[in-house]
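Paired with chain B in one complex and with chain C in the other, chain A is shared by the two complexes that follow.
After this line comes the complex of A and B, so read on.
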């Protein structure tokens, strides 16, 4: 019988773990309540932009990761090593490429992406629709009179940062919704898409035009190419407020890769507890509607994310891991209300999580708590993905390692 | 000191909008929001709008009827907000004030009409194919003239079952076949019966009425409640008589018999809801316990599998592709292209037929790209719609399993 691996969480970390485990020959099941948090983010894969809160941005993220191994042994990158990060990024690019979704970058340089606030975001891997130098942007154009996109402000701010005069344009439809999904749906109609191209051909022929992240989750590349052919320039998406369709595209492509590899994805099912004995996890209690059952496997991967996706839950005083009741470390509790909500120092609670050993097994006071439980992604302690800009890379690298160990092969 | 009176009342789903963190993932998953500007999307239609509705207050915006009830929003919600149920309650309140419309009334009561269709099959089939009749049906009843309509069965499944005796087995399950299998497509029922019996499972057929999935979806709770009170009592008795599970052929029936009978219908499940499973989840359980002893012959099939939204919503996952891929010669690939759009009666109404076809465009495009011999789905609505949109034949996955059994006659 094949080794059975049960993965809790269907985000980037969980899907990556599932692919690695399936590739190693395991019979893999993903349990998910919700579907990750990709739609909240930019669709880029952050690797490591700000290793030190007070220092300059990383020149070469992979080199910084090598340094982390010595200076911050509690960091998830230190547990898996820079070579693994590189390998995980390469596989990610190849997997998405096979699904027709192109990502640029390697983790060796930071990529610059202009955002819907007119700022420059430093990241690791960039989807094709955002791939282009922000310093080349000539025009910021709202599409669909998108509510979350102030093109004038963006053009002014981006111009200030890049030292160029940037024009702003606004294009929209007479009727219809003005949210990202609604606009994306309208742009799928060929006449609307052509009309946008004609509009840009008249007002910004041959220019580099930044637009909001409203290209459809399925057909973005097709639409981008079509519009670009008409106006002869370059269309660049800008990451902005949720929902981020670039993230949706990415997770759908990863999901399809997993399904093709034979991974079974059980959605609408929440893991609510575990049965453990003799240092082993023996099963996970799952609740789906009225149905409560024990899902049994040989090994388990916890990729349930942080606070946003319910991998950790909180009350006023502390954070808790609700499935295995693992100790949550890195935050002493009581200071949920940091003086500044958004600072370059990060929020103390966001660095907290589950501490693991080199094999990514959650630790108790005397070593790993369970032989067959591995954790990966945002739930890990020792790093603040928002402050460092490292969430995607950590999810990919630790997901790879957790998936392999869970399948019984050495990472 | 101020003394506060503690108000203790059961939380119903239509009051559970508070956990919504406004993350908008539901909007990205909603099939309707992708194709029309008239529906504000599940976040606004569900938890956002509910915030402004008092208990029992009528619901005004007619956009609520555009929700297909697919449950995809609820499936992706990280905060367990019962968005689909909030919308069902809103639909009910809208319909109470504004009526259901003739098309909805007719089609949610298909369980009463279809047996007549089967009885007068030649005439009924002629009417379905006759374009003029379909045109009149659109004008008179609001039934979309292009929408897929199911054929009527030569022999109803229930008629066949009257003479069928399932051999005694070590295990025993209750089989809920549903009205569509009964009047329109008994082939799926025959296949399920054959597979279960081949696995050594004794199949008990409890007395059953329509599960009311279509009624619930239209906010027509009262009739659905009556039917399911009957069903729950009947299935409870089946459990008492030693059935270990209630195997349901169609995911929408299963959802109605487990989740929806509890909420929104408010029926006491008496232990029934926990036992409802789809066929392949039951088979997978047997397999995982090492108790599934089926022998297969080489069966070359190149199929695509479409996961019905209501199958996802059950929370068991799609267990058919994995099991079918263990049969020599069978290759099943999961489509994962979203909702097919039919959503029961939604795609059959003139008002929403075009939306349903637009929703199904992604599924149709992927089927066209892959060119499978057959598309498999447990849901009869999905099967009708996919054949309608692509021309590719569709089957219940149990049919492939049944044909591959070692002692099956070669398939035509």
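After this line comes the complex of A and C, so read on.
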């Protein structure tokens, strides 16, 4: 009989685990509680930009990851090793490429991406729609009067940082929705897409033009190419306030890959508890609508994310992992956040999580709590994905490892 | 050097009221506020337009003043008031004799106070603790202290007064013993204004300012902390029917509820800290009044000081000091002619305080014009419907889609544009917030501050390269009120905000010096 693997969470970590487990021959089910968080973030894969709170940005993230093995053994990267990180990034690029979505980068250099605040963020892998030197941006152009995109302000701020004069433009539609998804939908209409190209051909021919993160979740590449052909320049998406389409695009492509590999995905199914006995997880209670039932598998992967997605929850005095009630480490019981919001040191609660062994099994005081439970992604202790800009890379690397162990093969 | 008849120091509701009153009587006024209007006690109060019931037993004069002024403010500033009405409810264990003394006190002060069956009270307010033993219906109301201050300032400006925010008084000008004006500092540097009379309406800052003028004003600063919950649990002001104590008031405020307060004597109006034990009391007493209270989301906590006037400073929590107010003519009192202080009092009686202060100033200036603020509306505003968010939504429906800048409080692009000229050319999102309610709802500005910033930038208020700094200043300011009550869903929200502003926008690494 095939080994049954139940994965809690359909984000990057959970989907990656599902692919690895399926590839190893397991019968895989993903429980997805909500729509995930990828529309909230940039769509880039952050690998590691700021290893040290007080130090400079990493020149070569993979080299910094090798160093972590010695200096911070509790870090998830130290537990899986730099070779695994490299392998996971490579697989991710290949898997998305097969879905027609190109990601640039290798984890060996930091990539610069201009944001919708006119600042520049440092990341590991960038989607093709964001791939371009911020210093080359000539024009910032709003599309569809998107209100989370202030083209004038971005042009002024970015120009200040790149040392060049940047123009701003706004291309609107007379009618229709003005939210990100609505604008994306309008741009899918061939006449509108062509009209944007013609608009840029007249006002910004041959230039590098930054637009909001609103190219369609499925057809972004096609739209980008079409507009670029008309105006002869380069179109770049800028990550900004949610929702952003680049993250949605990425997660949909991963999800398609998983479905193609035979993974079963159950939507709107929240894991609410677990049945355990004799050092084993025997089942997970799942709430779907008004029903609660026990999902049974041979092994389980916890990839529920951090506070934002409910992988961890809090009340006034506690930080908890709500499904298995695993111990949460890395938070001293004091304030959840530091005194200042904008700090390079990170916030105590954001660095907290579930501590695991080398096989990514959650630890109690005397070793792994359950032989058949593995954890991956943001929920892990030992690192702060927000401060370090390392969430994507950790999700890919630990998702790979957790998926393989869960399927019963060595990582 | 600039000259005027009167300089008013302090842009709380009292200072704005004094400026409005004097300007209406034809007196030349310059008002100087160190931060923004309503920055001090005004903007950190409950937002309660007292019926006077809180003072009916212990302080009958204050109670009478409250009910009289309550009725006047409703009349002159209906757009600042939400006429919620109020209930006073007795819980098991509360001293039963207080109920009767309260009714008697209300009768004597002229506060309409109607006994209500428990069943009727619970029907009006289903969220109330079902164990209440008795209830009274009272004419309390909710008031927007920011708007009330701004509207007084605007009325004063229409009558020729100058309102200067972010202008901090640093010294007094003297001619012998006489105070003949002030020196103040703003973004551009230091300035002097000569005035015939200088009025200190600076609340808790009145004491150090008076000291700067060589005058001693006895004052006890009593800190009150409050918590805002994300839900409107009740449609009426809920008073606990007992001797005024900690956490016995819940006030509906737009989509939220405010519970307060505590009372702890502090040495200074600056650097107030909200202690854990205060939160313990506020949250547990809140549950006593409204059992479902704990299911709400704590949005933020804040604290202000009651500047209680007292010739001899006393120990204790300050609850036994009169909430009455006093106009001090320092010429008579301290041989410092030209200087007048208005001390004590409360938001509800701000107009009366302003009237008495303006009377004194006019006497000193030999101006013989009677006060008309009690009968002149602050602006020709129609009575607004209960729960004003609906009104804003109705207005937004008529404008183009995408014009909503802040969803939680339904603040439109136009509403923000309209107040930008009042910012004196200074880019400060907190000043926008105080004037429009942008960012006062559940997300606490997490998403709309970017859009507000963009609007200020488009109007030329933000210099190139400064946007991240302006945004950062606001994010820190909002966070200081969120951090004391950061748990549960609000912690989740802040995790997301950190992911957006730092992980995505890189603001933790931006140079903000």
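By definition in this document, the second predicted complex is superposed on the first by the 408 of 411 C-alpha atoms of A that agree within 3 Å, B and C clash if a C-alpha of one lies under 4 Å from a C-alpha of the other, contacts with A are read in each partner's own complex, and residues count from 1 in each chain.
Heads up, the rule we're going with is that a contact is a pair of C-beta atoms (placed from the backbone, for glycine too) under 8 Å apart; a residue touches a chain by one contact, two chains touch by 3 or more.
Because the structure is a prediction, the values reported are computed rather than measured.
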- Message: One more residue to check, A:208. First (chain B), second (chain C), both or neither?
- Response: neither
- Look at A:40 in the shared chain and tell me whether it touches chain B only, chain C only, both, or neither; answer first, second, both or neither. both
- Message: If we overlay the two complexes on their shared chain A, which of chain B and chain C does A:291 touch? Say first, second, both or neither.
- Response: first
- Query: Which of the two partners, first being chain B and second being chain C, lies in contact with A:159: first, second, both, or neither?
  - Reply: second
- Message: With both complexes superposed on chain A, which partner does A:115 reach: first (chain B), second (chain C), both or neither?
- Response: second
- Touched partner set for A:389, first chain B, second chain C, both or neither: second
- Message: With both complexes overlaid on chain A, does A:181 touch chain B (first), chain C (second), both or neither?
- Response: first
- Task: Figure out whether A:217 sits in contact with chain B (first) or chain C (second), or with both, or with neither.
- Result: first
- Task: Mind working out whether A:337 is in touch with chain B, chain C, both or neither, as first, second, both or neither?
- Result: second
- Item | Residues of chain A at both interfaces, chain B in one complex, chain C in the other | 40, 177, 179, 242, 308, 310
- Please give the residue numbers of chain A that touch chain C in the complex, ascending. 40-42, 46, 50, 115-122, 145, 147-148, 150, 152-153, 156-157, 159-161, 177-179, 239-242, 306-308, 310, 313-317, 335-337, 339-344, 347, 349-350, 385-387, 389, 391
- Message: Looking at the complex, which residues from chain B come into contact with chain A?
- Response: 21, 23-25, 27-30, 33-37, 40-41, 71, 74-80, 258-259, 262, 269, 273-274, 276, 288, 312-319, 321-322, 325, 333-334, 336, 362
- Note on the structure: As the complex stands, chain A meets chain B at residues 29, 33-35, 37, 39-40, 175-177, 179-182, 184-186, 216-218, 242-243, 245, 248, 252, 255-256, 259-260, 262, 264-270, 286, 288-292, 296, 308-310
- Message: Help me check something: in the complex, which residues belonging to chain C touch chain A?
- Response: 401-402, 405, 447, 450-451, 453-454, 457-458, 462, 464-465, 467-468, 471-472, 475-476, 479, 483, 486-488, 491-492, 494-510, 512
